[in-house]
Amino acid sequence: MKKIMNAPERFVAESLEGLVLAHEGLLAFGGGRKFVRRRVLAPGKVAVISGGGAGHEPLHSGFVGRGMLDAACTGHVFTSPTPDQIVAAMDEVDTGAGCLLIVKNYDGDVMNFEMAAEMAAPRHAVETVIVEDDAATGPAVRSRGRRGVAGTVVVEKLIGAAAEQGADLAALKALGEDLNGRIRSMGVALRGVAVPDNARETFVLGPEEMEFGVGIHGEPGLARTRFADADAIIRQLGEAILAEFPPGLLAAEGLRPLLVVNGFGGTPPIELYLAHGLARRFFEARAIMPARALTGTFVTSLDMAGLSLTLALLTPDQFALWNAPVATPALGW
Amino acid sequence: MKKIMNAPERFVAESLEGLVLAHEGLLAFGGGRKFVRRRVLAPGKVAVISGGGAGHEPLHSGFVGRGMLDAACTGHVFTSPTPDQIVAAMDEVDTGAGCLLIVKNYDGDVMNFEMAAEMAAPRHAVETVIVEDDAATGPAVRSRGRRGVAGTVVVEKLIGAAAEQGADLAALKALGEDLNGRIRSMGVALRGVAVPDNARETFVLGPEEMEFGVGIHGEPGLARTRFADADAIIRQLGEAILAEFPPGLLAAEGLRPLLVVNGFGGTPPIELYLAHGLARRFFEARAIMPARALTGTFVTSLDMAGLSLTLALLTPDQFALWNAPVATPALGW
Amino acid sequence: MHLAAADLAALIALCRAEIDRHGAHLSALDSAIGDGDHGANMRRGLEAVFAERDSIARLPLPAALEKIGLVLVMNIGGAAGPLYGTLLMELGRGLAAQGCGEDFAAALERAVAAVARRGRSGPGDKTLLDVLYPVQAEIVRRSAPGHIAACARSAAQSTQAMQARRGRASFLGARSIGHEDPGASSCALLTAAICGYLAEHRPL
Amino acid sequence: MHLAAADLAALIALCRAEIDRHGAHLSALDSAIGDGDHGANMRRGLEAVFAERDSIARLPLPAALEKIGLVLVMNIGGAAGPLYGTLLMELGRGLAAQGCGEDFAAALERAVAAVARRGRSGPGDKTLLDVLYPVQAEIVRRSAPGHIAACARSAAQSTQAMQARRGRASFLGARSIGHEDPGASSCALLTAAICGYLAEHRPL
């Protein structure tokens, strides 16, 4: 798989440099280029820090800016950042109100952020929110802990908005934990990916195959199934999502659903918009009326072809946080 | 090549429906679903109308909204819309100040828009701007008329902003013609595309090949060349762009260059940002200092892998039009 | 030339079947030097005409041709729509202007000229005009349908050697040489189909 | 156990060479049930340790091990970084706490327990712990290096039959069965390399 790349070992650094150059008004590198930060910090608010492996762009660095993240730490492709990066970010962007770490639920990410939090404990008040939105890795598959996938954007947006409005560390942590029950995602891949160091794709699909229930690291999913038309794909994704919400939540009154259609990097807008339309019809036929939509390429798996749906069943207050102003490279209103 | 699609003949309509659903606040369908329009028109301004084949999303419908287009007519994949669509759009969104048609320079598009303008002439004042920014189809290749490619976004943004500020039809036409000398683009493909009706790609590249000087219809480019590292690709694109500006323009004083890195649909953000950083360095080394950047997926060729660079050498007034507020699905600030 | 409604309906059906049969081939030609949709475009156009064949066949020939042209324009899109559409609309208008169209050859000449104006193109540009010009010349010469069809076929083939100066293929420069032009190919197919029908049903 | 500076530097070089040689294999194992980067991750870690081998080898063994662990943590990222890092940092700290580390087996046991805590994992989860536990048991038993290496190898192989409960492979559920765990594999490789060196250079 060809990539616009000079060398695997410079891939991530050169991409981050381009991102920061393209958005100089919003972004700057942190010390030693260990992370990307908001150019101008907002003193007094809790510092919201996230990060993870590269290959998911615009996640996370593309969501640094007013109303969302204060810093993002990027590791090698599909590899968690190291604790020194995370500690450096905390030291530079914590203006006194403490740090809220947003971590996708992968053992590598969890352990590296945890070690960073331990190292920083003497100097910073730290809380961690683990994102677990993936419907493909619910209890039926795994005894505990879903993966964090595209729902991460929703978590980062809402926590970022709450932090911008002055919420304290405990409130942000509580918000993050509440969101974990409210957000479910499900993805399908039409073509696998090769990480820059490897010549081969992690999985190879035939012309009549798709990989159902994939994550965002080019890893195999729940099942290899027969490629189907868009209606069938959306129905499968939608049903998997609905099946994984905590009992009762779907029937709750007054929720404001948010629908995210996320491309994995190799899927073009024409297909994403089509998927949005079908997903909308799928959920509306089940009396779930999305109050807002986000369709585009937000949480990628390099250039994997495919997409995920995310449904977030938000309270009116949470929905207001979604609508709050945001100014980042990849999300702005 | 698998697509998120129900059936080729419903592909475009279902995608447009999803786009309009996802952006109901900005967009609405025109009568008979022949075009997508601004939900709320701004009476008294010139109506700016564009369109072209599908497969280039978010172009054009994704650029409908305040400060850009009033309507966009979409044809089948890679096929110009028909005159009745364009006439219907003029009839519905012209509020009295006339219509400015923005057309990419392909014989099919030019002829269909021309027939529409002839049909509408009794009822509408109409001017047409033909976009010709493709450096790959300059005089060395073709006796007259470059293709219109990713630079179309710049033309639509600047003309849209000028129209919003009250410029009349003649002024918009003059602006469009001036821009044609100021914008040059060049693209490279790493993987071809298959249109929905065809099983096969229009061109098939080996693992060590790339197609240089491609357009946005999956058509073969200038030359099949050896796949190279990102520095070499950016250098080739950049040199081709610089060679095709009118003599003297590069040396003109006071220009405010705008640099666009555009993905063709199958290229992920991590690669686009990397390309932006290298392009920035390439141009700066030649004393061309981009004053603003746009990096993302704006003018696609279905899910083609590859990207184009666009350099626009704007006057300060034109640059101000770029910075003017815009609220569309795919561009907003 | 006189065509009964039944003939016109039969010709429409024939042209539609011919394009349907060769659609994949036309798209393959277009893939080589264009965007691979010429077959789909022509199919869409002919299907639309076919859908309206009864009402079209009921019109006098000039009005029927003009209507066919309009249906093609409003359904094909791309380059082929305005070109085939102009050809038929102008042909119909020309025949109508002549008062029931005795001089078919003269009307065709003006229609072909209108196509060239619409396309800003001329002979040797590697387009469907490179079939239309020789076909029109044979009609002036009152050649037999079989001969006209053969001419059209060889004219289409001769576009292989040309470098495209109009249409998408022109963006390829010299790389366009060596491939048959898809528009020329569809034009030859339709010409041959029509000539074959006329040879069988209305020997001149 | 006593290791001269030269031994430590040689062991570092050996481990680095071993990982380099098997990097592609480790990534291939990781592609089957993970994200395909375990080889690259381990290489990056060992390269970083190798780059600092001279200063590391000059330290007393406990401090050297702790330093190696820190270098691994700060360079690997992913799951392997904190796990291998914790193993070596805790081993170094444990040996230091014992005052020049006479009881290697006890220190190793505590280090392995720290890895399990860090990973919230235990035996049978299909991770590198499924190699660390049996290796540590053999060390308690003072088995010969060759035997320890063989045990490590077979322990790694036995992860094939397991269903992953931790790490990325756990997301595959039952689909993770039938593949060797990449972390277990790298752990067995390193164990065998170290044992081989010790057998040759410091017969116990």
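For reference, chains read A, B, C and D in written order, and residue numbers begin at 1 within each chain.
Everything below uses one rule, namely that a residue touches a chain if its C-beta (ideal position, glycine included) is under 8 Å from a C-beta of that chain, and two chains touch if they have at least 3 such contacts.
For each chain, UniProt lists the protein as follows: A, B = Dihydroxyacetone kinase subunit DhaK; C, D = Dihydroxyacetone kinase subunit DhaL.
Everything numeric in this text was worked out from a predicted model, so none of it was measured.
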- Message: Among all chains, whose Cα centre is located farthest from the one for chain B?
- Response: D
- Distance from chain B to chain A - Cα centre to Cα centre, in angstrom: 29
- When the C-alpha atoms of chain B and chain C are each averaged to a single point, how far apart are the two points in Å? 31
- Query: Taking each chain's centre as the mean position of its Cα atoms, how many Å separate chain A from chain C?
  - Reply: 54
- Name the touching chain pairs, please: which are they? A-B, A-D, B-C
- Touching chain A in the complex, chain B uses residues 2-7, 11-12, 14-19, 21-23, 54-55, 57-58, 62, 190-191, 207, 210, 227, 229-231, 233, 261, 265-278, 280, 293-295, 297, 300, 302-303, 305, 307, 330, 332-333
- Item | For the chain C and chain B complex, residues of the former touching the latter | 27, 31-37, 39-41, 44, 73-83, 85, 118-120, 165-168, 170-173, 175
- Touch list for chain B against partner chain C, complex: 53, 75-84, 106-108, 111-112, 114-115, 134, 136-137, 140-143, 147, 195, 197-198, 200, 202-203, 215, 217-220, 222
